[in-house]
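Paired with chain B in one complex and with chain C in the other, chain A is shared by the two complexes that follow.
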Partner chain A sequence: MKNLQMRMFPYLMLLPMMIIFTLYLFWPALNGVWISLHSWDGLNPMAFLGLTNYTQLLDDRNFTRAFSGTMIFTAITVPSIYVTSLALAIMLTRKIKAAGLFRAIFYWPTMVSSIIVGLSWRFLLGESFGLVNFVITSFGFEPVRWVTNANMALFTIAFVTTWSLAGYYMVMLIAGLKSISETYYEAAEIDGANFWQQFFFITLPLLRPMSLLVLVLSTVTVVRSFPLILALTGGGPAGATRFMVQQIHETGFSRLQMGYASAMAVVLFGVLAILTIVQFRLNRGGEQDAN
Partner chain B sequence: MKKLTKFLAIIAILLTTAALAACAGAETPAGQAAQTGQTAQQSGQVAAENGAVHLQVLWFNDFDEGDSFLRLTEMYREDNPHVTFELIEVPFHDLEDRLRNLIIGGMPPALARLTNLGPFQNWLVDLYEYLGEDFGDNFNDGLRFEFNGRMLAAPKDVTVNGIVYNRTAFEQAGVSVPQNESEIWTWEEWRAVMEQVVANSDVTYGLVFDRTSHRFSTLFYQAGASMLTPDLSASNFNTPEMHRAVTFFKELHDDGFLPASVWLGADNPNLLFRSGQVAMHFAGSWMLANYIAEIDDFEWGFTYLPMDVRRSSVPGGKYIAALQGTGVEAEAARFIEWISQPEINAIFMLENNFISQIRGNEMLDYEFGAEFFRIFASDLAASGSQPGAEWGFQEFTGLINVDLREGLSEVLAGILTVEEYLEMMDDLITRSLADINS
Partner chain C sequence: MQISAKRTKKSQENSAFRDTKQLVLRILLYVILALLSVLFLFPILWIMISAFKPAGELFAWPPTLLPQNPTITNFSDAMARGDFLQYFGNTTFSTLVATAFTVVINVMSGYVFAKYRFRFQTALFAMVLATLMVPLEVIMIPIFQVIVATNLFNSLWGIIIPAVASPTSVFLVRQYYQTIPDEFMEAARIDGASEFRIFLQVMLPIAKPIIAVLCIISFMWRWNDFLWPMLVIQSRHLYTIQLALANYSGEFNVDWNSLLAMSSISMVPVIVVFVALQKHIIGGMISGGVKG
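The block that comes next holds the complex of A and B.
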């Protein structure tokens, strides 16, 4: 009996959280899968379609465009976030003056609502009436089409997303860097290793668990980007920055195709799951290199 | 390996929920929605004890007309003290989502201010049932309110697409706008005038154009095109007239008359015009109250819409509707009847500079800009019936509205050719009509 109680205890402790997860996450998610098999405008009775919504996705140019856009955006932004946050973390773990102040400054953008971040940068980078273009044109140059040229808009949102998220991952990487014993670096210095050798043969391998966490979390965050992009470009120009989540939202709430939007959401889940598994495999589950 | 598999399984479940919750979280099965009638009455929406009635009103503002509406509810309460009102104010772009959520959540409001009845037809009270079929005679033609023999809402105010100009900039440039119908510009004449205004005044751009399908449609109606055939049964989108309208709109962008940052970016045309850097704003009559209150830095006014092969504007407007399943349908209908009386309606119209659709309120004595209302009436009278018929076919416009706008943006960006856009829309319209009729 006591043995049974001991076995049950952890599950009882988990129960409240599992109830909350079931009610607010698992059930809506399963409901989403169910809805994806129907035609539904969000209000009137549903009609069962089977897998029709999924087969239609293959021919939907808006979906394929949003999907490929999301992948390109992720491929640009995630490495950019990782490199930036790692550079900041390394810089701030070295003995520099006012490191705490700089840490707070770099972390600050993560505390600002992403809508506010988007609107602020739109104020700065607006093509016709933005502050940056005002300065550029006052020196006699042509205004830059920051958010109305498709390629420029992609890099603009990648830059702003990096700016707004790097501080958060910087803190995680600082924790990872501080957990690496100084003795490795001392030994390497005695052996004559320079900064880059120390970085590639000590820091990166020993930072692998934290790097994996940062890469997984930033990938999920970037793939699901929505408010910042909506505020900065509105998905434009002409859909060039309309990614999966905005496409799902627009399909569900503007076109009133909830079933079809749910099918898109299920596909998005599949993509995220695959990306996560690939990252795990590439990083060997975050295990540190024994050598 | 086993640990890794478990960890991956957990991550996968979490990601599933995270990815799907955004979409599914706002949804409720239709079966639940079907029970709305019972749940609403249990929800506290109705406070029927001792004859007291509580009416929730879902409302959006063009400017601040909610205050004006609340004053009317106080007037209503003088004779009906048992009725209380609660105004739920939401941004316009959230209105339909919020109403949908309230309905499927089993707590529909008693009343709602709407611009689009299409998606909610099955949830609105038939006012004929409570107020009699004569009630419909109180309204002029314009906004469609009868669907399948049911009166689903009372038109509250009519809007008309129009063009507002920066009078100060025009005076700087020594250019005057048309003073009567005989002086109305063609778009080519307008283009020549804009070159003069931009060159000789402080403005940077000729025109900002609201980023909506409804506003753009004005151009194609003026070009003699339409989305549908006159009997609304088939697509009429892929025509030379439509090609010309789309091409013209693209040329205006390519030639720099319109800033790209509205249709290709996310800039707000209202704010751009108010900044004084644009000569004209293609918007509509509903901007009047906003600009009266917000523009102090320059003089402005409305002028006649330029024309192409014909003159046209596009009507629109707002309704007030009662929702089913609230338990207070009769009181909500009575309030709609009261607020639709000409003398009550006139108060709201005059305070907010709106155009009334109530018979007898066609010519109100507006304190400001009486000449603008004559211009709106003139543009509307010249519009023919097709714009009102097509935009009144709300089951249809709900299906094509987003693609009409987004496809046009792709034409402006050079992603689609005009021909591809016309073919794409023609195909979508044909499929949408088939869906509606199936």
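The block that comes next holds the complex of A and C.
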């Protein structure tokens, strides 16, 4: 009896978690692939279509626009996040006073909900009433159309996304920087290497594993961006910042094309998986070069 | 002699020059950090300051930095409309209940993964890992069907239940228990305690620090979450704060006065928790490796 209890115990303890994962994650994930092969409005019976939804995606201007928009946004934002968080991390590991305070200040935006981040920047960048344009016009420049000009809107959300996430990755990079042994820098100092030489020949190579983690995590996060953009631009102007998650949501729930939206979601999953694999591969290749 | 004296003098000049250069760089570093601090703090501070401005002053041109006639009408109006308190209550309820469930379920799982050897352990742990690959955004459409089928649509329980199991939390707990020696369990076993009692009375109290971390992570995430409420909630009276903010800000005529007041109040708990527990939060988030 005792033995049986002991054998069953782990499974009983895992049961609640496994039920929830199965019901609300694995089952919908598999079902999503199944739904993507159908035409379905969410109410009436599904009609099997095969891969038609996927072939249709290729010709769908709205989808290809959302897809390429997401990729461009990611290609701008991820490097911007990495450079910003690395710069912050390097400054804060330079034996300065109040490093803890600065760390908390830079980390703070990650505590704020994406909706409020979007709203507060929308308020600050308001084109006819915002403080930023007031400062710009008081210097005699034209007011900037932060969110109503398509290209500007892209840069605005890239900037605000960087602002809201940099602190998180900064803390990871600080941990990475602190794990690099001081002796490398001391030796470089004796050899007369300047800051940039130390940065490129010691810091960057030795920081590689942590950099990779930061790049993968930030990519996966940025590709999925939605609430912040919703609150800041609403996907506008004219759909210029409407990215994949918003496109999936609108297609599924506003236009009730559940099958079609599921096909988009499968593509999104594919993109996330590929990006993750590619970044890990790239890093492994780099390691071999270094050896 | 002469040569060496000369050399010393020269190296002294050099080091003096280096010292000045170092000092200038140092000051520059602090200036940059100070400017960046303003950039990182100001946007949120600005909406909180502006929330105290009366309607006429909010969009005054030129804008006023500090409210000339500070008022709390924005707050009292938001309150008086009644719905805001409702949103606040909904958010508080779902956050607290979800956090309690999150702690229970993930501590249970992390504990057995760390302390027991059983069949299919590796496969089950791989399943937990695999969930990281499937974010909610990817299963938005099919999850809706399950939410409806399990009777959770348009219910606060629909925000709470489906997201209580978190791989990140399982990792954190597992990691924590791996550092705790098995002797505690062995001693209790010899005393004849059941496995369940060992967990409840011996191992659970030891886990207080990690439970605190889980509570903070879960509280922050739930309080700020938007995607789950958006998918699950339809009726206005069940809105969470984030959902209400998003919907009101999407209206054609944005009521900034109420929005600023609502945003400010909703951030008070977050600010309090962050200021009080800042070190634990930053440490905990990082050992988790992933957000959420």
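Convention: the second predicted complex is superposed on the first by the 253 of 291 C-alpha atoms of A that agree within 3 Å, B and C clash if a C-alpha of one lies under 4 Å from a C-alpha of the other, contacts with A are read in each partner's own complex, and residues count from 1 in each chain.
Simple rule for what comes next: a contact is a pair of C-beta atoms (placed from the backbone, for glycine too) under 8 Å apart; a residue touches a chain by one contact, two chains touch by 3 or more.
Please read all numbers here as calculations on a predicted model, not as lab measurements.
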(request) Overlay done on chain A, so just call it for chain B and chain C: clash or fit. (result) clash
(request) State whether A:46 touches chain B only (first), chain C only (second), both chains, or neither. (result) first
(request) Look at A:114 in the shared chain and tell me whether it touches chain B only, chain C only, both, or neither; answer first, second, both or neither. (result) second
(request) Once the structures are superposed on A, label A:179 by its partner contacts, choosing first (chain B), second (chain C), both or neither. (result) neither
(message) Taking the superposition on A as described, I'd like to know which of chain B and chain C A:5 touches: first, second, both or neither.
(response) second
(message) With both complexes overlaid on chain A, does A:261 touch chain B (first), chain C (second), both or neither?
(response) both
(message) Once the two complexes are aligned on chain A, which partner has more residues of chain A within touching range, chain B or chain C?
(response) C
(message) Which partner chains sit in contact with A:68 here, chain B, chain C, both or neither? Use first/second/both/neither.
(response) neither
(request) Using the touch definition from the top, say if A:221 reaches chain B (first), chain C (second), both or neither. (result) second
(request) Figure out whether A:234 sits in contact with chain B (first) or chain C (second), or with both, or with neither. (result) both
(request) For A:94, decide between first (touching chain B), second (touching chain C), both and neither. (result) second
(message) Based on the superposition described at the top, state which of 130-138, 166-174, 202-210 or 274-282 belonging to chain C clashes with chain B.
(response) 130-138
(request) Enumerate the residues of chain A that count as touching chain B in its complex and touching chain C in the other. (result) 21, 24-26, 28-29, 31-32, 35, 42, 122, 129, 220, 224, 230-231, 234, 245, 248-249, 252-253, 258, 261-262, 265-266, 268-269, 272-273
(request) Spell out the residues on chain C that touch chain A in their complex, using ranges where they run on. (result) 26, 29-30, 32-33, 36-37, 39-41, 43-44, 46-47, 50, 59, 61-63, 104-106, 108-109, 111-112, 116, 118, 121, 124, 127-128, 131, 133-135, 137-146, 150, 161-165, 170, 194-196, 199, 220, 223-227, 242, 245-246, 249-250, 256, 259-260, 263, 266-267, 270, 274, 278-279, 281-282, 285-286, 289-291
(request) Please name which positions on chain A make contact with chain B in the complex. (result) 21, 24-26, 28-29, 31-35, 40-46, 62, 122, 126-129, 145, 147-148, 150, 216, 220, 224, 230-234, 236-240, 245, 248-250, 252-256, 258, 261-262, 264-266, 268-269, 272-273, 276-277, 280, 285
(request) In the complex, go through chain A and note every residue touching chain C. (result) 5-7, 9-11, 13-14, 16-18, 20-21, 23-29, 31-32, 35, 42, 88, 91, 94, 96, 100, 102-124, 129, 131, 134, 138, 163, 167-168, 171-172, 175, 213, 217, 220-221, 224, 226-227, 230-231, 234, 245, 248-249, 252-253, 258, 261-262, 265-266, 268-269, 272-273
(message) For the complex, give me every residue of chain B touching chain A.
(response) 4, 7-8, 11-13, 15-27, 29-30, 33-34, 96-97, 100, 103-104, 119-120, 122-123, 204-205, 259-261, 263-267, 272, 275, 277, 398-399, 401-403, 406, 409-410, 412-413, 415
